[in-house]
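Pasting a structure below so you can have a look.
Here the chain labels run A, B, C and D in written order, and each chain numbers its own residues starting at 1.
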Amino acid sequence: MKNTYRIIFDCPDRRGIVAKTATMLSDNGGWILDAAHHSDHDHQWFFSRLEVKADSLPFDLSVLREKFQPLVDEFEMNLRLVDGDQPKRVVILASKSSHCLADLLDRWHSNDIDCDICAVISNHCANKALVEGYDIPYHEVMIDKDDKAPGFAELERLIDRYDAETIVLARYMQILPPAMCHKYQHQVINIHHSFLPSFVGAGPYRQAWQRGVKLVGATSHYVTEHLDQGPIIAQDTIHVSHAHTARDLVRLGKDVEKTVLARGLTAHLEDRVMVHGNRTIVFD
Amino acid sequence: MKNTYRIIFDCPDRRGIVAKTATMLSDNGGWILDAAHHSDHDHQWFFSRLEVKADSLPFDLSVLREKFQPLVDEFEMNLRLVDGDQPKRVVILASKSSHCLADLLDRWHSNDIDCDICAVISNHCANKALVEGYDIPYHEVMIDKDDKAPGFAELERLIDRYDAETIVLARYMQILPPAMCHKYQHQVINIHHSFLPSFVGAGPYRQAWQRGVKLVGATSHYVTEHLDQGPIIAQDTIHVSHAHTARDLVRLGKDVEKTVLARGLTAHLEDRVMVHGNRTIVFD
Amino acid sequence: MKNTYRIIFDCPDRRGIVAKTATMLSDNGGWILDAAHHSDHDHQWFFSRLEVKADSLPFDLSVLREKFQPLVDEFEMNLRLVDGDQPKRVVILASKSSHCLADLLDRWHSNDIDCDICAVISNHCANKALVEGYDIPYHEVMIDKDDKAPGFAELERLIDRYDAETIVLARYMQILPPAMCHKYQHQVINIHHSFLPSFVGAGPYRQAWQRGVKLVGATSHYVTEHLDQGPIIAQDTIHVSHAHTARDLVRLGKDVEKTVLARGLTAHLEDRVMVHGNRTIVFD
Amino acid sequence: MKNTYRIIFDCPDRRGIVAKTATMLSDNGGWILDAAHHSDHDHQWFFSRLEVKADSLPFDLSVLREKFQPLVDEFEMNLRLVDGDQPKRVVILASKSSHCLADLLDRWHSNDIDCDICAVISNHCANKALVEGYDIPYHEVMIDKDDKAPGFAELERLIDRYDAETIVLARYMQILPPAMCHKYQHQVINIHHSFLPSFVGAGPYRQAWQRGVKLVGATSHYVTEHLDQGPIIAQDTIHVSHAHTARDLVRLGKDVEKTVLARGLTAHLEDRVMVHGNRTIVFD
């Protein structure tokens, strides 16, 4: 929704959080358009996401932050305030496969995901024409398999130059170094082509075929330094049969990959994802 | 959850509803365990469902209702207060098919749905042993096809004698008369064996087979006087193929019917369903 | 699979069809790589699709047809023989929406569907750059709403000029005239943005939202002169909730539309679809 | 289907298998009602399942077997011949949970699965009344955790006394000893409450919750001596969210367990499952 401020916070669960937050907003004229809460009773932790009509408040986000400060202190909130009218800046990393990339570009072009795609960076020469057809800058940054550091340094430099808030690994066939995983914590979204935690690592469809599974899946997750272990945002599966070869699974799985990556990215861009430990809260 | 009060209300959407409600609860010591809201921006209408820790409040439901009265007046709320420790009283109506009935009885027996199944009433002699095996009263009430009124009068008498709040049509093969639909508005849940609005009326699997659909589905909905037109609570579908006969569809569809009826009933029993016009809000 | 001949036939069901067919092939050295049969016991009709290793036979398709003639006569077969190495010629018709079009183009580019996309014809100025980025001819053929005949005549001329065997309506917002439906019988595949037979005609997502369904779907089908009534090839659905607006349904439904159109088209291109009356047999 | 013989075989893939098999049947008057084939091109192996109208043949199964012998020799077939009118004898093993058991009993009672349920054996006192309500013998066989051998010996004795061809582990909470796994190879079907190979072993829902997955699943598979590693017959998943506790996953997962167990068992009972290495071919 346009003309909204997004208020996202989590804190230890206690009495009065909703009351005081809503009252502060209401006292300042704030109109809550959407509100979602979650109480994790195991961990006694509270999560909340509110959308407030921006022009119902007589001040901007920086003043809103000041108004929130007493609540942040009282309830020990982790608070994030986001202007819903400011699309996030996104850099997409890709390799040779085009299906996720083409899918994201069309969604962006069709205004079905709300973000600025600043650039696509690839370690492969393919897909240049596709990207530039959308008037998006395309960079080829090779990662030398015997000396990866220079390539990743260049990658990082570009990401920072574009001031990207979100980095999408759209079937990017490189493992980011731990330092980058830390630097961009909860900002890097990967699509893994299996239903994690099944089939971690390389060749998941081949693994799936060998195990004789009757479903294949895909998982979008935040990247951490532990390969394919990061917090899961979205997952889905489709039915397959004995009649499908490992190569068929690759082809069929693409549909799930595209959808699951887009679903995870959309939730992230709309600030609907909160991370707690290695689990996510994803407000619909 | 046990030891909770459920607070369900809807009203025209305005500023301050959440703030005043939450503050009233908080001022009385109320601990909100779960909160879900929905704003229908098309109709400018607000829907809310709260669960409050019952013993966090120093009074009972009748006093809570009094405390709510000023808010009800100010915001023109339709308010429902429910003691979460009081399972709803349910009567199941069945015919010859046993799959939905057996499924519900096992869920109840396994404590997977929270209700009191007071009785099963059937217009068919089957399933008596099954029902009585669970120590649940079983009544056979025949509906004479040439004179239905006496049968339905008896049915109504039984429902009222059991003081049932919820009536489940578990593949009950009779159409309730309009007067009963009105009397038990939003209390009667039916399972229709198609993905409504496709294939209204009799023989939906035969209709589906003839149309050559590649999915069959089921729909649980509140019963109104308009056949298969009532507010939808839950739906699902499964894939079928040309290899399936109409008879196969009947068999395969049963899995969806069972699941969708149970899902709809569970939402209803937990007071997660709100009806607005002919649409439902179903809080997860 | 490459280097195959596809043998597709249907006929009244009788004893000996498989035996005589397989024996004729075997006697000529034919190696059957894939075989699928279906007996419709209601209509006593038999359907079969075989893939034979092309170079296992000592002759070409025209001789194979001669060899088949006695069987065609004896069993009253409708027989189709297809060289699996000859990709079908496809023309895509599109309007403003790009999601199905972009999806098909990427599948084609990624070799995930086997066909020659000869041209894209649109009644809208959008998507020209996208199409031409793939080096595919793009034609804009406007259909004047007050005089549609000239536009459709031009459309037909182009289709014939490209010698297209398959016409894909990738969210093409025009209803083909009956004469074209007849001329290209079982060659035109449409994607309808609902789970047919629900919500025939215009604005299905709006209709779905008003009915309050909990699933939306899509249907790919052969076009006939009866709007949205043609034989169904593929269908799927996804879950939606009260929280989704009619506009959300449009966005969410696109994922199903893309997948279901591609699935239907793939089956068609691989000659896996047989039409019988208004139903399809779709061999996996 | 009734009045059928099922012919199931696999062999190295070669020319002429279908031709010679179908011709032998046809020469004897055999009417093929259903035929499914699969060629595994990786392993050059051929799989086939035929249903023949029993009374179209002028002899019984033992003569049919003799007629097949030359083909068995020539093509090195593993051949199984089954009289479709002879339902398989099934023993169900259960523990405390009733959901899979109650579900199977109702399917059997409703004639939706075709078998003779000879007995239910449990290592727990629950579910006796349920089972006996269906007039099925119920045996309680405790497995002493410090000395399991006597319990399993008794179990084996009962299975053999009932001459069971199929053993269903309907959430049976014991691991069969390797000797029993060997003795009843491809006869024991288990339902594992996760989407294998994820979450092998105990407490899969707890593991799933901790990993923060967005789907939970179930797997029916043949039991081997390697825990949860046997050939997979059927799988499915459902969506879950952060709002669900580990206990919710247990409850929600039951629907998938029931369906997936029934689907796997049905395929097995209809002789639609062929095992090759650790993979299954499951003909629809």
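Just so we're on the same page, a contact is a pair of C-beta atoms (placed from the backbone, for glycine too) under 8 Å apart; a residue touches a chain by one contact, two chains touch by 3 or more.
Not measured: the values here are computed from a predicted model.
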Contact-graph distance - origin subunit A, target subunit C: 1
B-D against A-D, pair bridged by the larger set of C-beta contacts: A-D
Of all other chains, the one whose Cα centre sits farthest from subunit A: D
Subunit D against subunit C, contact positions shared by both copies (same if over half, else different): same
Centre distance in Å when subunit A and subunit D are each reduced to the mean of their C-alpha atoms: 41
Subunit B and subunit D: spacing of chain centres that average the CA atoms, whole Å: 36
Where subunit A touches two or more other chains, by residue: 41, 241, 243, 284
Parts of subunit B lying in touch with subunit C, wherever the complex brings them together: 38, 40-42, 195-199, 210-215, 217, 231-237, 239, 241-243, 245, 278-282, 284
Complex interface listing, subunit D residues touching subunit C: 15-16, 18-20, 22-23, 25-27, 29-37, 39, 41, 56, 239, 284
Sites on subunit B touched by subunit D in the complex: 97-99, 102-103, 105-107, 109-110, 112, 129-130, 133, 241, 243, 251, 254-255, 259, 262, 284
